[in-house]
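What follows is a set of structures to go through.
Common to both upcoming complexes is subunit A, partnered first by subunit B, then by subunit C.
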Partner chain A sequence: MIRIAWLVAKKDLRIEARSRVLLWQVVPFGAMALLLTGLALGPAHAGNSSAGPGLFYLVMLFVALLMINRSQVLESTPGTRASIATLGLDPAGVFLGKTLALCVELWVTGLVLLAGTVLVLHTALHGAFLALPSVLVTLGALAAAGTLYGAMTAGGEGAATLLPVLCLPAFAPLLIAGERAFSAALTHGGLWEWWVIVVVALVAYVGVGILLYGVLEES
Partner chain B sequence: MKELSQRLLGPVTFALLALTIWLGLWVTPPDKVQGNLVRLLYVHPAVAWVALYVSFGTATIASCLYLWKRTRSWDMDRIAHCAMEVSVVFIILTLITGSIWGRPTWGVWWAWDARLTSTAILGVLALGYLALRRANDDPTLRAKRSAVFAIVSAINVPIIHFSVQWWKTLHQGATVFTSNRQLLVHGSMAWTLLISFVGFTLLFFWLLRARYRLEVERDAAYRAAFDEAVSLRQREGVL
Partner chain C sequence: MTPSPVVHLRGAVALSSGFPLLSGVDLDLEAASLNVITGANGAGKTSLLRLLAGLLALSSGEAEVCGVDLTNGDLRQLRRRVGWLGHEGSFYADLTVRENLRFCALALGRPTDEIDAVLARVGLSSRVDTITKKLSAGQRRRLGLAWLLLRRAELWLLDEPYASLDDQGRTFFDALLADVINAGATVVLSAHDPLRATTLRPRTIGLVGGRVREVAP
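Up next is the complex of A and B:
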């Protein structure tokens, strides 16, 4: 399972490295969205560092939706799913591999946007460093949930519009927990209860994905 | 016996709901603190019970049984689908009745409370389930994907249940029983509440049965139309 996961992750990341969609489309989109949220708040509020965590996760949500969709598009080219089924690859490994690749992509974008919140939204640099572990775990949970939901909508009618409908309510608790953990890091408040939610969600989505991804693939 | 119970389901349901209305509006006394506003609580908790546990639970169990190969059948898929549709109705009713109660009690129609928000999220998830079903034409694909979605969405139910303990927000905690399982409601109020819970639970099963029958007939009509179209094409010499 781990070997297959590693192979699938390498395949997805190699495609991403060659196509450079992440570098030239997703990251600029995220940066632009971050700037626009700052503009929407206005100069009086955008410089208020307390807005940073919420805006960071809002933009990460948009970015994650784009990347989940893209991750599933990679599998939707004619014959890809059939090839995976014919090769007899362990679906749990495929799920873990796609989650890992998506997670790495979200981490890269997240780090760029985190630097953006420090620069544009004046979030305290020290607080951003403290929040970094919770950001990475939250994005990992988003990747696991996103891979699962992406597989549910793949190839369906209106998949691109259905994906946000399914993902947003599922992502909401994660985003709230991530934002609170980030805010707690900025104010040196209690972190553990938000950490628990994010870690439990990560474990739950990875567990469910390992168990049920095969059902989605065989369909 | 089975036929008799099916025949009696509707009348018994409506008799119990009528009894709830009569007891709730005319027999039970006003609450010491809430006054007449307490009468809404003979409806809201029962509706929420059906929305979160009975209907969503039925949809989740039916989805699990569909995914388990030994019990896989179209009946399970239909039950899951119909239960989820009924669940949407009850979740909306839960939010509306809660909101009507919240306005005079809390001063607002809506509060960003953990239980309210997580219940609203469950409602959107249930709507997402129905959207997912509409997005897939292939029945097997539709059944499997929606079953997985229902199971994953059910993670939200314990979050809603324990939200009042995990986050100390506006919505009150358990009010019928204490943590030591001691009854907090007494007399006619307790009986009305019990009848209300039974009545709304039976209403769920009555609605589920009606919706299930409709779904069976729709599937039969679809198959008949499909067979007719195929035979028409065969007569035309296309197939």
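Up next is the complex of A and C:
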């Protein structure tokens, strides 16, 4: 399982590095969306905004949906899908590999956008630094949940539009917990209860993915 | 004792959203044989190949492929023993020729040092570091053959393999098929026109409406 996971993750990251979709399309989209949210707040609020964590995760949601869809499209070309299926890969390994690759991509984008919240929304640099571990774990949980839901819609009719509808209810608790942990880091408040939610969600989604990814692929 | 067939289908039915893709196929295919499935568009050629690959669920009837029962057998094990070449292209477009084959070899736990020999055999040695989406249709077909050779598949399932080949490509392809059949593999390919399909002497299976209408010889 670990061998296949590593193989799939390396393959996905190599494709991403070569196609540069993340660099030239997703990151600029996220940066523009963050800038627009700052403009929407207006100069009176953007300079002293407590909305930074929420807006950061709102933009990360858009970015994550784009990346999840892209991660599944790589496998969904009809010929590729059949060829890869006949390799008989361990589905748990495929799930872990795709989750790992998506996680790395979300981390890269998240770091850029976190810097963006400091620059554009004037979020305190020290607070953003303290929030970094919770951001990384939350994005990891989003990657695991996204890979699972992405497999549900992959290759289906209207997959690109069905994915957000399915993902939003699953992502909502994660986004709320991530935002609360980020806010707590800014205000030096209690972090632990939100950390617990995010970590439990990460473990739960990875566990469910390992168990069910094969069933989803087959269906 | 008569060897058991590689493919044994009796009344095989496959459905998609209630629509019959295959509506009662009876078929036996022997090991080390070449078989061409013919039929009009929608006759069920690709569906039959997908069923044999374990990629399409059997709804009713009996089906055994490479000794694996399609009703309750281990389909993942079956898939590792068959090789599939679809007409849409079967690779990751943003990986190079070598990277695609390396992924295949490592996924199957095969040594990667056979890649160069396999590429030389299909005439792609000069394209080893070319990104797959930059290959011509004929070169992609050759890469597909390299993929199958590397896999050492027992059952080759080829969907319209002659579609984008010129005369030279067809001749090369026929020679390669003759070699793998002599080595013991069974080949099943789909084609619109059996006469133009191959210069080899295959068994022809005519499909009409998801059923086998004729088998010759």
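Everything that follows uses one rule, which is that the second predicted complex is superposed on the first by the 218 of 219 C-alpha atoms of A that agree within 3 Å, B and C clash if a C-alpha of one lies under 4 Å from a C-alpha of the other, contacts with A are read in each partner's own complex, and residues count from 1 in each chain.
Assume a contact is a pair of C-beta atoms (placed from the backbone, for glycine too) under 8 Å apart; a residue touches a chain by one contact, two chains touch by 3 or more.
Nothing here was measured: the structure is a model prediction, and the numbers come from that model.
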item: Comparison of subunit B and subunit C by subunit A residues contacted; value: B
item: Subunit B versus subunit C as contact partner of A:42, first or second or both or neither; value: neither
item: Partner chain in contact with A:170 - subunit B first, subunit C second, else both or neither; value: first
item: In the complex, subunit C residues that touch subunit A; value: 50, 53-55, 76-77, 79-80, 82-95, 99, 103-104, 106-108, 131, 147
item: For the subunit B and subunit A complex, residues of the former touching the latter; value: 67, 117-118, 121-122, 124-125, 127-128, 131-132, 134-138, 140-141, 144-145, 147-149, 151-153, 155-156, 159, 166
item: Subunit C-touching residues of subunit A, taken from the complex the two chains share; value: 4, 7, 11, 14-15, 18-19, 74, 77-80, 82-83, 85-89
item: Subunit B-facing residues of subunit A, complex; value: 148-149, 152-153, 156-159, 162, 165-166, 168-170, 172-173, 193, 204-205, 208, 212, 215-216, 218-219
